[in-house]
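Following: one structure in structure tokens, then a few remarks.
Chains here go by letter, A, B, C and D, matching the order in which they are written, and residues are numbered from 1 within each.
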Amino acid sequence: MKYLFRNDYSFGAHPKVMDAVCAVNLEGNWGYGDDGHTARAKERIRQVCGLPEAMVEFLVGGTQTNVVACAFLLKPWQAAICPDSGHLNGHEVGAFEATGHKILPVPADAQGKIAPVDLVPVLERHQDPHLTEPKLVYISNATENGAVYTKAELTALYAFCREHGLYLFVDGARLGAALTSEANDLTLPEFARLCDAFYIGGTKNGAMFGEALVITRPELADGFFRMKKRMGAVMEKGWIQGVTFQTLFTDDLYFNMARHANQMAKRLQEGLKAKGWPLWVESPTNQVFVIAPNDKKPILDEVCDYEDWCPYDETHTVVRFVTCFHTAQADVDGLLAALPDLN
Amino acid sequence: MKYLFRNDYSFGAHPKVMDAVCAVNLEGNWGYGDDGHTARAKERIRQVCGLPEAMVEFLVGGTQTNVVACAFLLKPWQAAICPDSGHLNGHEVGAFEATGHKILPVPADAQGKIAPVDLVPVLERHQDPHLTEPKLVYISNATENGAVYTKAELTALYAFCREHGLYLFVDGARLGAALTSEANDLTLPEFARLCDAFYIGGTKNGAMFGEALVITRPELADGFFRMKKRMGAVMEKGWIQGVTFQTLFTDDLYFNMARHANQMAKRLQEGLKAKGWPLWVESPTNQVFVIAPNDKKPILDEVCDYEDWCPYDETHTVVRFVTCFHTAQADVDGLLAALPDLN
Amino acid sequence: MKYLFRNDYSFGAHPKVMDAVCAVNLEGNWGYGDDGHTARAKERIRQVCGLPEAMVEFLVGGTQTNVVACAFLLKPWQAAICPDSGHLNGHEVGAFEATGHKILPVPADAQGKIAPVDLVPVLERHQDPHLTEPKLVYISNATENGAVYTKAELTALYAFCREHGLYLFVDGARLGAALTSEANDLTLPEFARLCDAFYIGGTKNGAMFGEALVITRPELADGFFRMKKRMGAVMEKGWIQGVTFQTLFTDDLYFNMARHANQMAKRLQEGLKAKGWPLWVESPTNQVFVIAPNDKKPILDEVCDYEDWCPYDETHTVVRFVTCFHTAQADVDGLLAALPDLN
Amino acid sequence: MKYLFRNDYSFGAHPKVMDAVCAVNLEGNWGYGDDGHTARAKERIRQVCGLPEAMVEFLVGGTQTNVVACAFLLKPWQAAICPDSGHLNGHEVGAFEATGHKILPVPADAQGKIAPVDLVPVLERHQDPHLTEPKLVYISNATENGAVYTKAELTALYAFCREHGLYLFVDGARLGAALTSEANDLTLPEFARLCDAFYIGGTKNGAMFGEALVITRPELADGFFRMKKRMGAVMEKGWIQGVTFQTLFTDDLYFNMARHANQMAKRLQEGLKAKGWPLWVESPTNQVFVIAPNDKKPILDEVCDYEDWCPYDETHTVVRFVTCFHTAQADVDGLLAALPDLN
């Protein structure tokens, strides 16, 4: 049996979530999210975000949420600025372009982050009406490389966006990992006030599936349900998402799971460093990136599931290990024990 | 507590499905459907369809499946012919048009069915290259009005389609109800050979969610996974769909549930007739359509959940009752007992 | 040599237009409409419309203008209401659906017109958020059947639209014919105040090509140039459109040509009636619709170009004759002389 | 009066083209390109291309042609590979993405060209079905930077494309300049056999407007007219395009004009070098790129129309001068005389 570090969706839901879904399975509910569980889950999310007027809607997965939300906010000739390493740009088979919008990639730093200075040349160049109008900035927190935005960074970015009429959308597939990271200095309510829309990722943190999209400024939310329906993103048995998020935000389950995943990742990262495996980036969240010698990859393949991230050089590959709510300390220690010392 | 006849997605999954999903919840699986459960479920569906080469892919819900499948089969200038009462045309917030395709509605008969004769004028008119090219025929089985296509009808329709280079796509949201109806004379393998693509609806028959799309002619299937991903329709924890459909097609659970729903609907339909409630259409499946006097609707509202289907006349409304795997005989009898005798 | 009554784009431009285009051909101008001719033509159109703040932009053809303008005004989940006989619905190969929007056809009267009463049931039905949001009403003036909206009709329709938050867009491919019709009681400034956007068709009234889109409420116009460019609708040598419309609106050329076409059509219509050819509709503009006996069609084919409009019955076909600025009285009289008397 | 070197669409049509268009202006023709002039022009283009079976269709402008043609060839999940400097990627307000397709930019060399070696990593990376499928390679000849593909280069690129199932599309907005360049070693028939589709640009070489799209492999062309109509790209008075291209390909007018433009550009480029103005790239076609000192730009602004291409450094800007069929030797010499000597 291999150790599973391939991603944070290798396991299903936290048992509390499964129990809650099973408990309501046959109680009978209205469809399409018009049920009490969903209403209460939305209310709970508004509460934990400190945004009593925000729009909350549940979707199924990350790509779907990114695409529906970003396309919802844009007019046809408007484009999304995105770090070149961003998920919207890279890994979604053109799902966003399928809605008719161009992505304007900007080079991200080694952590996968972007800052106002990166946006300035895009805005200047796109004064030209023969080019798209940049109107939305897409970032991820945690980023694709496991980094988190600090309060200062996000404040600066959002201030710039507001000043230039840009929407700021945060992909929160790993928002739990971000907000429970040692590198984080933002509360959820603080975070929520520093963007126009974001989602709280359930799939990668203890749900069977489900993402909670929050549009923080209610004046932007008009018409969203129809947009969601039009994109085939409305679940008939929507209460499953409602019950899921009710449970995730009861007794701090969501953040406790994320914190656990981060701790397991830290233990793994420290252990790998101690054994002489060089890090590609130092990650404060639940993704660990290591520069693996290609001649050691057969050992990796034998003992664990992981992912090839990108080539590093002729003889090395960047590989990624991901932890989650279900990663046990014994798994981390077992993996470390099974790997050779490179010192 | 009301009797719940609003639709066939008022309840979650059959307990056997829930148990199976729970059983694998933490076993660890690869994402995106690249797991063994999904592979076995696909194989099982090919087997029950008698189509060893067919493509099977799982999607989340009905609108999504209709849209992804139909858009997949068409070139940009091609259109889908659809009964005017068809779900693709009516109830999907333009989800299909959102993929850039026009729907060519044709008048359906009182049962919601169409026949080759209905297609002829569309094809003639659309010889004109200033009009879209009709290329796909969308039907539902069971139809929106609860009817089922007979072997003769479907054979004639598909022969016409093949002769004229049209794809035939069957929305099988209620395929279980259709194939277990007393009005049905088709086996699943016979049915599967009479169309180019169809889906086996899970959401409306005992799954938490999930539809199994079958493209019966493998030469048409190339590229489908990317199309699905592009439409945000790939689940990260895809094994849930796999396990669900494995269970549905074990011990005939899928058809047993559908048969039960049909029996409950028949009992309800007979009971309503006996009490003098006129039927709008005689339905052989799990939807019952009644012409309700508007002055009796407060009683209906009090005792059950149901749906207003369409206005009938100044003083009557067509209402719909739907049964499902979880509808108990006591529910049917209780509802009937609670309704006034109109004789 | 046949008489050409097939359509109003069988001939090129009025000689004054050609002369004007030729006169500036080699003078050197900035591209993309950033030239003085275009600026002056826009200003002239604002002036003749009595709308000093309106947005005016030039496009190439009718389908393009309809599609760009309507898609510009709508959000993705919004739909256009359109008479079932409307050009947007029928004859554009799904060009509007290609922008991702659904058309909601409503039955038009025999003249091709719609009224507020036709819109009410659409709005009621589409309260349901599982359906598209109707947001724009598309009509043509003159209609596809040659009729014109009266001041009272258009006032009522626009008042209804404003009251219900609907945009009113008027396809003015034959606006000249409409506003110079004997059935018309609207001036151009009056007309322009009774809709949110319309276009003044050049192609069908004396231009080589070109349509002048007017968005009457400037607050709706923001971003239009980018939308136009995104749809491939910006001409590099845009001054040709500018010079064309300058000429069309000098010395009343545009309306004089349209008036002439209407007079020729009236002469033809009266002549046909006198010879016992039954009209399909009585048209006050430049299209004449006749119920032709199928056994007389060979004669028609021999003497003139015309168009089959639609089947009438087993032995008759509705055919259409169209006049234009270049139709001579001798052509009308010649055609009439060549046709058999059906009395 | 300034010297006009801003672009190759500052002037209208060559007098022979204008004369030809005027000559047929009132002769009466069928619409939508169903006329004899258009038929003969298509036949003539097939002939000069040496491709008797090729599909030829006329469109209005470059962006429209690029977008319609590339979208026509692709399935929804397929993407176009494009030099990062390519027009499709940069200057079309997301017109291509508006059709739902992603662009995969690859770094072009200093001349704006790409080679098979640039495509390899894209194809490797996109084996992953979670990414788009690269299916079409877009290049321009002449490139955006004025360079031309040699026979060896194009042969290698097309062989690679055929081997990997990629379509090769060549934007020929400046095809005349390319094929008459001193750097060119391809005849039009040779060129035409080295790609799947291309267009012969009329707008930038002596037409009022109009591009002739050639799909060299007729088996790829099925359905194109409907696609063109769906994109609003069918002209009602299509014979104008027909007559234009008939004239362009009579007595070698098209290539004679292009050769003249190239000669004028060469004279300008040589003259600028002689006066110490450094070239940004050495261009063998009708675009000249110079690194202009910013403190000399007021002089440039005073004496000529030109275009800022891109910033070079703190004190210099790359500027572009473009010649065309109407550029006179006196214009070149006048401009050179008016510019300061930087030696």
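Note that in this section a residue touches a chain if its C-beta (ideal position, glycine included) is under 8 Å from a C-beta of that chain, and two chains touch if they have at least 3 such contacts.
None of these values were measured; they are calculated from a predicted model.
In terms of the distance between Cα centroids, subunit A is separated most widely from C. Pairs A-D and C-D differ in how many C-beta pairs touch across them, and the larger number is found at C-D. With centres taken as mean Cα positions, subunit C sits 50 Å from subunit A. As a whole-number value, the distance joining the C-alpha centres of subunit C and subunit D reads 34 Å. Rounded to whole angstrom, the centroid-to-centroid distance between subunit A and subunit D, based on C-alpha atoms, equals 42 Å. Shared interface positions of subunit A, defined as residues touching 2 or more other chains, are 76-77, 92-94, 98-100, 129-130, 132, 226, 229-230, 234. Here subunit C touches subunit D in the complex through residues 4, 6-7, 9-13, 15, 18, 21-22, 24-31, 60-64, 67-68, 92-95, 98, 203-204, 208-209, 226, 229-237, 240, 305, 326, going by the rule given at the top. Across the complex, subunit A is touched by residues 32, 71-72, 75-78, 99-100, 129-130, 132-133, 223, 225-227, 229-230, 234 of subunit C. Residues 76-77, 79, 90-94, 97-103, 129-132 of subunit A are the ones that touch subunit D when the two sit in their complex.
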